[in-house]
Structure formats: structure tokens, C-alpha cells
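The two complexes that follow have subunit A in common; it is paired with subunit B in the first and with subunit C in the second.
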Partner chain A sequence: MKKTIFFLAMIAIVTSAYSQDKYFTKSGKLGFDATVPKSPENIDAVNKAALCVLDTKTGDVQFSCLMKGFEFDRALMMEHFNENYAESDKYPKTVFKGVITNNASINYTKDGTYPAKVKGQMTMHGETKDVEAVGNIISKAGKLQISANFNIVFADYKIVIPQLVADKLAKTAKISVDCLLEPLKK
Partner chain B sequence: MKQLLLNGFAILLLSTISLKSIAQEVDLLDLVEDKTPKKEIVKNAFKSIRVINGHSMEFLSPGTMDFRILHRFGTLNQGTKNFFGLDQASMRLGFDFGILQNLQIGVGRSTFKKELDGYIKYAPIRQSTGAHAFPATIAFVGGMTMNTMDFADPTITNYFSSRLAYYFQTIIGRKFSEGLTLQLSPTMVHNNLVPLSTQPNDVYSLGLGGRLKMSKRMAFTWDYYYLINGIEDDVNYNPLSIGVDIETGGHVFQLHVSNAVGMNERAFITETTSSWENFDIRMGFNLSRIFQIKKHKK
Partner chain C sequence: MKKKQIKIVIAIAFIVIALGSVYAYTEFNRKATSTEDLKTEFNTSAAELIVEFEKDSKISNTKYLNKTIEVSGNIKTIENQTGFTIVLGDSANATSIRCSMDSSFVAGKNYTNGQAITIKGIYTGFNADELGIGSDIIINKSIIKP
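Up next, the complex of A and B:
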């Protein structure tokens, strides 16, 4: 009897382990800001169609977005971003693959705000670099709101800023992440 | 034995759990990515909405305005007397507006004959890649010019309609690669009034324009119109312009050499009275600055 119960319990654990362990969104918000302080020209954009997948069991988190999905206030700035800087025809996607280093301390099923540290690699403009970020995971009503901020240096990704506009564009960009993840049903 | 079997089965179950999670660690994105190919309009075939003189296959983004200042100097073969033509200048001021992704309008005024001009440009099909790809952009341009100078002979009956000319053009262009764009523009210019009865009111021509991109911000361009009818020996010639486009942030500078002094279709197609053979060529530049009139909602 004891063994049967044990066996049934095993099955119960196995099946429950498969549900609710992956969360995703296809409309994550990614922002970037490369405005030079005190400059009259704002250089910022928002991508509202980022893909994000989070595996709560392992802490693996992955992002992907199309460079042409970044929306700017000015159409010409967007054209230059795609044609001259990001070279979106050659490198259409930016991908981040990482892991939440303090995943064990986050209780995804319990409502609350949990600080999170992410470490991983970002591939952009054909270059792959290590990225570390700090953020929050807010669990509410079965959904996860993740937000994070980090900086990237354009030169790291071989994005060339010509001398002519060197004082109009910052050398580092502030990246902000804001995604609402829902459970992935297989 | 039973105990062993049960334990063994439990271990097997446990191991399948861990195996499954390892297998999916590799690419989570694959689970949600939308792999259907999407249609993408090809952009930036030319850096500007004009090749040099003629319209290009490129459209302004909706809500933007292109402020254009065109300059044509005097002919180079005048030597130092007129500083190789720099002492004389002909100018056109123009404003072009992007209405939709494939609809554009523009107005301008040239000092040459004090001519006003306006046009509408529309592309029913644009070059695209991905789903439902199309190999070229096909655009139609309809324009009108109006000469606003005083009539040469005020004593005779002068008609207002004599001031007007019209042009219709089809642009078929293709961006072959990041480095090469070519376009064909069959054009018809209708002059309401021509100087001599031997000259046709309707002039048909074929425009050949293209660009060779040298670097991210610099390109070599050429703009040629071959007149099918309407050429009179030693009176008028086919206009040919060759130049360099330089893009700097919000401005595009087009520096070129041409035999045409006119800057609207009627003038440079039907009234180019200088020829390359006689070295009656002139330097010129187009200066273009894009302004965002209507902001994108982010």
C-alpha cells in the first residue's frame, strides 16, 4: 500500500512539474535611449514586439526582437538606424540568452515582487557579448511582470558612429525591458 | 524484487523529468517564434526622392517634409571670366511631402523662367521581399509647370494656358543590391505652347537613372533622359547629369555635373540647349533636408 501511494505520488509530482513552468510573451517592450545629455535631439526608440520566454524551473530566460521593430518619433532617424547603424538588412534580429542567477530565491507561484539578477549573452549586429542585468519579477494572478535595465556600449557590437555625428549620439545606450509574461501552454 | 522494481521505475521516472528539461534548455525561443515569412518593403534604393533631376523610385515617409534647394551654375567652359560658371546661378526651391507610404506630393519654383511646378507621385506596387514578394517598384508621377514671367509681346492676344505644361511619367525601379539601384522612366511632356511650329507639343522620352553606393553615406548617381522625339539638331540635346550623393545626418547633398540648367521636367527634358560635346556643362548641387512634420505615435 505504502509503495502504491509512493508510486502515485511520483506520478503526481511528474505531471505537476510539466505544467506552469514556462512563461512567454510576443509583445514585450524593449526601449533604448542613446540621447546625449543636454542635447536638443532625443535619440530613443521602443520595440513593442519583443519575444520573451522564461523557464521558471531552470531560470533560463531568452529574448528576441527584430531591429526593424524599433519605433522612433522621426521616420528619418528610424531609416538611418536601420540602414547605417544597426544594418538591419544584414542582422535582422537581436537575441539574448541567459539565466536568472538567483532563480532559487524566486517563488513564481506566490504573488509578490522578487529582485532578479540575470546573466547571459546578447547577439546583436553580428557580435556576441556578455550582459549582466538587474531587475524585478512581479508575480500577480498567475502572470509575471519582468522589468530590467542595463547598458550597452555600441563599440562592443561594432556599431560605428561616424565623427560627424559623434557629439549627437551617446556611446552607450540605456536599455529597458518591460514584459508581461503569461504561462506557455503546450 | 517488487521493491527493487518499484524503486527502479521511480528512478526511471525521475530521470525522464531531468532529461526533458535539459533538452528544452537549448532554445526556448523556438517554442514561441512566429516562423511565417512576412512581406517587407524594400527601402533606401536611392538616398533622395530625386535621382539628380528626375524623380526617383523612393518615397518620403508619411508625415515628413523634404526641403530642397537646387542650384545650377553657369557653364564650365566660360573659363575664369565667370569663374567657371560659378558667377551665374539658377535656383529652385521646393517642398515635398510624404502623405502615405506610397503617395507623395510636391511644389517648387525655379528662377529659370520663374516657373512654378507641382506634382503627385503614387506607387501602386513597391519592391518587396518575403511573402508576396515583388521585384520592382512601379510609380506614376503627374505634374504641371507654370511659367510666371511677363509675356514677351503684350500687344498680341496671350492666353493663360500658354504658360502651362504637363508631364506624365512611369517609374520602374529596382534595388538590385545594397550597392546598385537602376530605374527606367518613360516620360511624356506636353507643352501647351512651343516656340516654333516645327517643334512638337508632346515630347516622349525615356529616363535612365541609377546609383552605385560607394560607402554607407556616399553614392555615385547618374540621370539621363533619351528624347524619342523633339530633338532638333543644334537646338536641344538629351540631358545627362552625373554626380555624387553625400548623406550627413539629416541632410543629403547631391553634387553633380550636367548639361541641363532646368530643374523641373519640362525644362530639363525639352529645353536643354547645352551639350556635353561642346563642353557646355555646368556644376550644380541639390541640398535636401528632411523635417518630421507629423510625429509617429510611439
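Up next, the complex of A and C:
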């Protein structure tokens, strides 16, 4: 009897220690594109060090990235982005906290592509706003590939675009998310 | 005499405008300076840097922010998801240094875990351990010093 209890306890410990409810990455890719349609000038940047944690049990998902981590092709654009628009010294981090609303319909343990709806709040430039996005979760060989696209309106986050560049810079930015999550082992 | 003066003024104005537009053009098209050409402002070891951040991440953050630093240490892991990331540090420690490699980086040579290397890059920020997955010192646009 004692042995059985011990054995069961061991199984419980082992399974809880290796329960793969949580997935994460520290090198997620976030794209930012504020190019005006038909404008020859591309205003885009990429951040390759975004943090993402997903709890498959509850559907809780969290992203965070450093504003300084966005790389632009043009140096001047990057300076303007950090100094005038994002004010990265004052607001170094952007955080999104949300939940996958259709979490129950996603079978994380079975390989496949699942559409996912995410609802939550994003804090950027000191302002917190509700954000909704639609994306895909691809489960493959124990890893989760997350991709999503959504738009943000600069004015919502009190990011002011000067008149002078108003025709070069879109009023909304397209954000793309591309993360490969691995199981979090504790 | 007056005509000559006007001519000179026009010539000067023309030169100023020409120089101005050349400056504006080059400034507008200026690419980010490659890490190789940046002057190293701090030279440290991975262990020392981690200790510094564990002691006071706020002070260290302001000290290093946007600065070009050279860090020597052992490779903890190498990740290749969205571009290469070389993680420096000690596997016994939860804090590590994540060096996001510059797009010029080619993984031609084989780098192995535990190998001692020196990485030069721009310190971008510190991610405190909020989710129980360890704190990170983020270094961007990194290159490997030969």
C-alpha cells in the first residue's frame, strides 16, 4: 500500500513538473509597418526579441517587447521612432496581456492549424487600450507557432504625428506577430 | 558693381541650397551604423555584467542603455527561430545575456554550448523575471569578435 502511494505520488510529481501547459519564447518576431498605401517610402521595423508566454490551460497569453529593440532600415527613422514617437526612454516596454477566447476549441497536443481569437489589453507609450486580434496557432511536434496580424491607431496611444510628415506616415500601424513557442519546463 | 554683388549672393544661395539638399538626402538615406564600426564603450565579462544587473538593474540599465558593449563569456544556448540569438551565461543562473545577432551574422562556423566567445552589440534593455522564466539582459545587433 505504502509503495503504491509512493508510486502515485512520484507520478504526480513527475507529471506536474513536466506538465506542458505553458509555452514560451524569448525570441519572438514582431513586425511594425506604418507605410502609407502607394507611398514609395517604407516605414517598417522588426523586433526579434519579443517575449511571449501562453498558458494552454487557461488561454492566457502575454507579450512584451522593448521599444528599443525595433530595427529600422534607416537610422534616422529609428531615431525619430525612439525619440519623437515611442519615446522609448520614458516608455521602454510595450506589453500585451490577453486571453484566447476560443481556447476550448484548440487542441494543443494534436498537430494541426487552429484559428485563434485573442482579446486583451495593450500598454504602449503609457496608454492602455483594448486590442482584439485574429490569428493562427500551428501545433507541430510539441511546439506552437503563433501568427497574428492587427492594427493599432497611433492616436489611441497618444502618439502625435506632426503635420509635416502626416502624408508619409500612416495613422495606423500594422502589427504582425510571429512566434515559435516551446514548452516551459520548470 | 551692384550687379556683381547680386550675382555673388545668388551664387552663395545656390551653393547653400545644393549643400543643404545633399545633406538632407544623405541624412535621410543614412543606414544604421554597423556594429563593427561602432566604438566600444564598455568592455566586460558575462559574469560581471550579470552580477551588476542582479545587484541593481535600474542603475545598470541607465548606465548601459544604447551603449555599445563587448561581453566575453560562455555560450549557454544558441537559438535559431527568427534570426540567431546567442545566450551567454551560466546554466546555474536564471539571469542570462541574450544577444540577438545582426542580420550580417552567418552561422558558418560551428559554435557550441560552453564555448568562450566575445560578443559586441548594443545594450537594448533589461527584462525582469516577471513570469518565472528568468531575467534577461538584451543585446541587439550583435556580432562576434574574432
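Worth pointing out:
Criterion: the second predicted complex is superposed on the first by the 168 of 186 C-alpha atoms of A that agree within 3 Å, B and C clash if a C-alpha of one lies under 4 Å from a C-alpha of the other, contacts with A are read in each partner's own complex, and residues count from 1 in each chain.
By our rule, a residue touches a chain if its C-beta (ideal position, glycine included) is under 8 Å from a C-beta of that chain, and two chains touch if they have at least 3 such contacts.
Predicted model only: the values in this text are computed from it and were never measured.
Clashing of subunit B with subunit C is the outcome of superposition onto subunit A.
In the overlay built on the shared chain, the residue A:129 is in contact with neither subunit B nor subunit C.
When both complexes are overlaid on chain A, the residue A:28 reaches subunit C alone and has no touch with subunit B. Counting the residues of subunit A that each partner touches, subunit B and subunit C differ, and the larger count belongs to B.
In the superposed pair of complexes, A:57 makes contact with subunit B only, with no contact to subunit C. Of the two partner chains, subunit C is the only one that A:178 touches; subunit B does not reach it. In the superposition on chain A, no contact is made by A:140 with either subunit B or subunit C.
In the superposition on chain A, A:72 makes contact with both subunit B and subunit C.
Judged by the touch definition given at the top, the superposed model places A:164 against subunit B, while subunit C stays out of reach. After the shared chain A is superposed, the part of subunit B among 6-14, 24-32 or 258-266 that runs into subunit C is 24-32, by C-alpha clashes.
Residues 24, 26, 51, 53, 62, 64, 68, 71-76, 78, 89, 184, 186 of subunit A lie at the contact with subunit B in one complex and at the contact with subunit C in the other. Chain contact summary for the complex, subunit A toward subunit C: residues 24-29, 48-49, 51, 53, 62, 64, 66, 68-69, 71-76, 78, 89, 92-93, 178, 180, 184, 186.
Residues of subunit C that touch subunit A in their complex: 27-33, 65-66, 79, 81-83, 85, 98, 100, 124-125, 127, 131-133, 136, 138, 140-141. Subunit B contributes residues 2-3, 6, 9-10, 13-14, 16-17, 20-21, 24-25, 27-29, 31-34, 40, 43-44, 61-64, 98, 178, 216-217, 248-250, 290, 292, 295-296, 298 to its touches with subunit A in the complex.
On the side of subunit A, the complex with subunit B involves touching residues 3, 6-7, 10-11, 14, 17-18, 22, 24, 26, 45-46, 51, 53-55, 57-58, 60-62, 64, 68, 71-76, 78-80, 83-84, 89, 95, 162, 164-165, 168, 184, 186.
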